[in-house]
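The structure's right below; bear with me while I get my questions together.
Order as written gives the chain letters A, B, C, D, E and F; numbering starts at 1 within each chain.
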Amino acid sequence: MPKMYITRREVFSASHRLWNSDLSEEQNIELFDKCANPNGHGHNFVLEVTVVGDIKNESGYVVDLKKLKNIIREEIISKVDHKHLNHDVDFLKDKIPTAENIVREFWRVLETKITKAKLSSIRLHETENNIVEYRGEE
Amino acid sequence: MPKMYITRREVFSASHRLWNSDLSEEQNIELFDKCANPNGHGHNFVLEVTVVGDIKNESGYVVDLKKLKNIIREEIISKVDHKHLNHDVDFLKDKIPTAENIVREFWRVLETKITKAKLSSIRLHETENNIVEYRGEE
Amino acid sequence: MPKMYITRREVFSASHRLWNSDLSEEQNIELFDKCANPNGHGHNFVLEVTVVGDIKNESGYVVDLKKLKNIIREEIISKVDHKHLNHDVDFLKDKIPTAENIVREFWRVLETKITKAKLSSIRLHETENNIVEYRGEE
Amino acid sequence: MPKMYITRREVFSASHRLWNSDLSEEQNIELFDKCANPNGHGHNFVLEVTVVGDIKNESGYVVDLKKLKNIIREEIISKVDHKHLNHDVDFLKDKIPTAENIVREFWRVLETKITKAKLSSIRLHETENNIVEYRGEE
Amino acid sequence: MPKMYITRREVFSASHRLWNSDLSEEQNIELFDKCANPNGHGHNFVLEVTVVGDIKNESGYVVDLKKLKNIIREEIISKVDHKHLNHDVDFLKDKIPTAENIVREFWRVLETKITKAKLSSIRLHETENNIVEYRGEE
Amino acid sequence: MPKMYITRREVFSASHRLWNSDLSEEQNIELFDKCANPNGHGHNFVLEVTVVGDIKNESGYVVDLKKLKNIIREEIISKVDHKHLNHDVDFLKDKIPTAENIVREFWRVLETKITKAKLSSIRLHETENNIVEYRGEE
C-alpha cells in the first residue's frame, strides 16, 4: 500500500519570554537578548503537523483531516492560542519556551492522541524567517 | 557528484466530489460530510513535483526545468485544470478523488514520463491548510 | 474621530460553471472557453470584506472582528463553502457566477446585515492571479 | 508630474492585552473575550506604510526607500519589536492597544517624521485574517 | 450599473542598474548605494494591473481576463521578462529604471492598449517589502 | 536528546546569465533559451538554510538563530545581494550560475563556517515556481 504524508496547518497567537532562572540577569541577556524582555513579546505561530500512513480503500483517506484538525485544536490550539506560553500552559511549565522546546512538548502531547496514523513531523514557524522542525529523532 | 532535488510548482483549478458508490448515502455523509455535496465543490490545487539527480557539467542543470514544466503541463495540468475530477479525467475514473488518491495517480502518470531524473516527491495542497505528499514509498 | 478601514479575510472552496443560457453552445465556448466545461471546475476563493467607521472609545474597536467574522460566516461562507455556485446558492440563482457577479451579490447580502460600520469594499481572489473588487460604486 | 504611492513593509513581534481599566472584569471579558487574557498574548504584526509624492527627475525616486525604512525602524520598529505594547511603549501608554489604536498612534509618530513625501496610508495585519488601515481621514 | 475593479497579477524576472549619467560616480553611489553596482542586480518583479468598468450582462464580466492577460503579456511581459531593463527595453531607454519610472512607462504602454475598460492602477512589487503604485494621478 | 531541524530564511536580489563558454552561441541558446540573454536577468532569490542538532539544556536552543543569521549574512548575503552572480562573486567564478551550482557553492562556504550544528539542507527558490535543494548527498 502507498504511504502518504498528510499535513495539517494551524495558526495560534501567543506570547512568551525566554529566560533561564538558573542563570543571572546578565547571562540571560547575553543568551536571549531582546527575547528576554521582562514583559515578554509574541508571535503568530504557524504549526504544521504531518502524519504518515496507508490509504484506506473505503475512504481514499489516510486519516480524516477533520478528525486530525479536531485533535490538534483540542489538545494544542485551545491551550496555547491567546495565551502566555510561560504562565498559561500546563505542559510547558518549567520549560524555556523556545520554538525547539515548544515543538518537543507538542510532540509529546500529540503522539499519544493521534492513533490512526504515525506522527511524522511537527514544524513551527515562529516568524516568516525562523522555523523549527522535529521528526521524532533522538 | 552532488545530488540535487528540483521542485516545480504548478496550480490547477478543479472540482470534485468525495463519494464511495459501495456505501450508502448515510455512510457517505458520515465519512465525507460536506465533501459529499451532490453537486461537488472545488479548489485551486497547488502541485509540487520534486525530482532528484546529478548536476550535469555541460548545463549546470539536473534537468531543464522548462522540459519538466512541459511534461507536467502536458501529462497532468492539461487533463485536470478547469475539469471535474470525478467525471473528466481518464486516469482518475473509478477512484474516490481524495488528495491522497489524486497524488497516487499523478505519480503513476509522471514516473513513466520523467526519464532524465528520478521522481522523488509529489505534494498537493488542497487548501492552504491541508497538504498530501507521496514519496514513492509502499 | 479617525476613520479606520477594517478587513476580515475568509476562504471558501466551491465549484461553478460559466454559462449563459440565452446563448448557443458555440457562443458560450467562444465567451467562456474552459470555464464553460459542462461538469464545472472549482476554486479556493479568498474573500476580503472591508468596513469603515470610527474608533469607539470604550473598546478601541471600530467593530468587534469576532462579530464581523460571524456575520460573514453565517450569511456567506456557510452558504457557499463546499457548494456548487450555480446550483446550491439561493442568492446566486439565475446569475452567471463570474467573480464580478458573486461579489455583487455578496455585497447585497452583507450591506443589510452589517449595521455597526459601513461596508467599504469586497474583494474576491478567484486564483492567485485574478482578483475582483467592488466598492459600492454605480 | 505623476504621483506615485510608495509602500514599505516591515514586521515586528509583540505582545499585548486588550483591557479597559474603566470597566469591570465581566465587562472586559464580554468585550474582549480571549484577548483579555491576564498574561497577554502576541502576534507577528505586519506593517505597511504608504507615502505619496512626485517622482524626482534626478533620482527617479519619490523617496529613497532606504531612508523611509530607516525612519520606520527608528521611530516605530525599535520601540515595539519584542516588546509588550501595554507596558513598554511610551506612545501607547494609557491606550487600549487594539490594532485600530496602534495604527492611529503610529500615524501620529510618522506624520511628523516623514517630510519628503505625504503619509497616505498605514495598514497593520494583526493576523493573516485581520487587517486595519488608516488613511488620515477624520 | 455596478463598477468593478479587476486585477491581473503577472511576474517577471529582470535585472537593472540605477544610474544617472548626468551625475558623477560619487553622486550616483551617494544616491543609489548598492543599486548602482556596475554589473547590475535583479528581481522577480510582481506586477498587478487593475482596470475598472461595468459588468456586461451577456458575460457577467467587466473584461475577459484572458484577453487582459494576453495584452499584458504581449505588451509588457514579453518585453521585460528575462531582460536587462537598462539595455533591452525600448520604452525604458534613457530612463533610470526605478520602480517608479517602470510603473510610469508601463502605464503609458497599457493605457493605449486596454480599450474595453479603464486603467485604474498599476502596482509593482520590487521585493516583498518595497511596492510602488500609480493610479494615473498627476 | 531530541534532534531538531532549524531553518533560517533570507532573501537576496541578484542578476545572472546562464552561459557555457565551451559551447557555441547556438548551443547555449538551445540549452539556456531566454536565460542566455547577453545582458542577463535577475531574481529575488529566497534562501533557506537548515541545520540539525540537539537542544541545549541551558538555552533551549539548538543554535542561537541570531548567530546563524549573522553567519549566513556575512558569508553569503553580503557577497551576492545586489550583485551579478557571474561577475561579482569570488566563489562562483567559472561556474555556470544555475540554481543547482549556486546551492552547491553556498554549501561549500557554509559547511566550514557553521560549527555549532550540522548543515542539513540548503534550498533556493529562484522563482515562486522553481526550487532547488541540496542535502549534502553525493
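The criterion applied here is as follows: a contact is a pair of C-beta atoms (placed from the backbone, for glycine too) under 8 Å apart; a residue touches a chain by one contact, two chains touch by 3 or more.
These figures come from a predicted structure and were not determined experimentally.
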Which is the least count of steps on a path of touching chains running from chain C to chain E? 1
Which contact partners do chain A and chain D have in common? none
Fewest hops from chain C to chain F - one hop per pair of touching chains: 2
Interface check for copies chain B and chain C. Shared numbers divided by all numbers used: above half gives same, below half gives different; which is it? same
Top of the farthest list for chain B, CA-centroid basis, is D
Where in A-D, B-C or A-F does the C-E interface recur, with over half of the contact pairs identical by residue number? A-F
Relative to chain F, which chain's C-alpha centre is the most remote? C
Cα-centroid distance, chain A relative to chain B, in whole angstrom: 28
On chain D, where are the residues touching two or more other chains? 128
Kindly provide every pair of chains that touch. A-B, A-D, A-F, B-C, B-F, C-D, C-E, D-E, E-F
Residue numbers on chain E that touch chain F, as the complex places them: 11, 13-16, 34-35, 37, 39-44, 81-84, 86-88, 127-128
So, in the complex, the side of chain F touching chain A is made of residues 1-10, 55, 58-62, 64-66, 69
Across the complex, what residues on chain E touch chain D? 18, 20, 22-23, 31-33, 95-98, 100-101, 103-104, 107, 128-135, 137-138
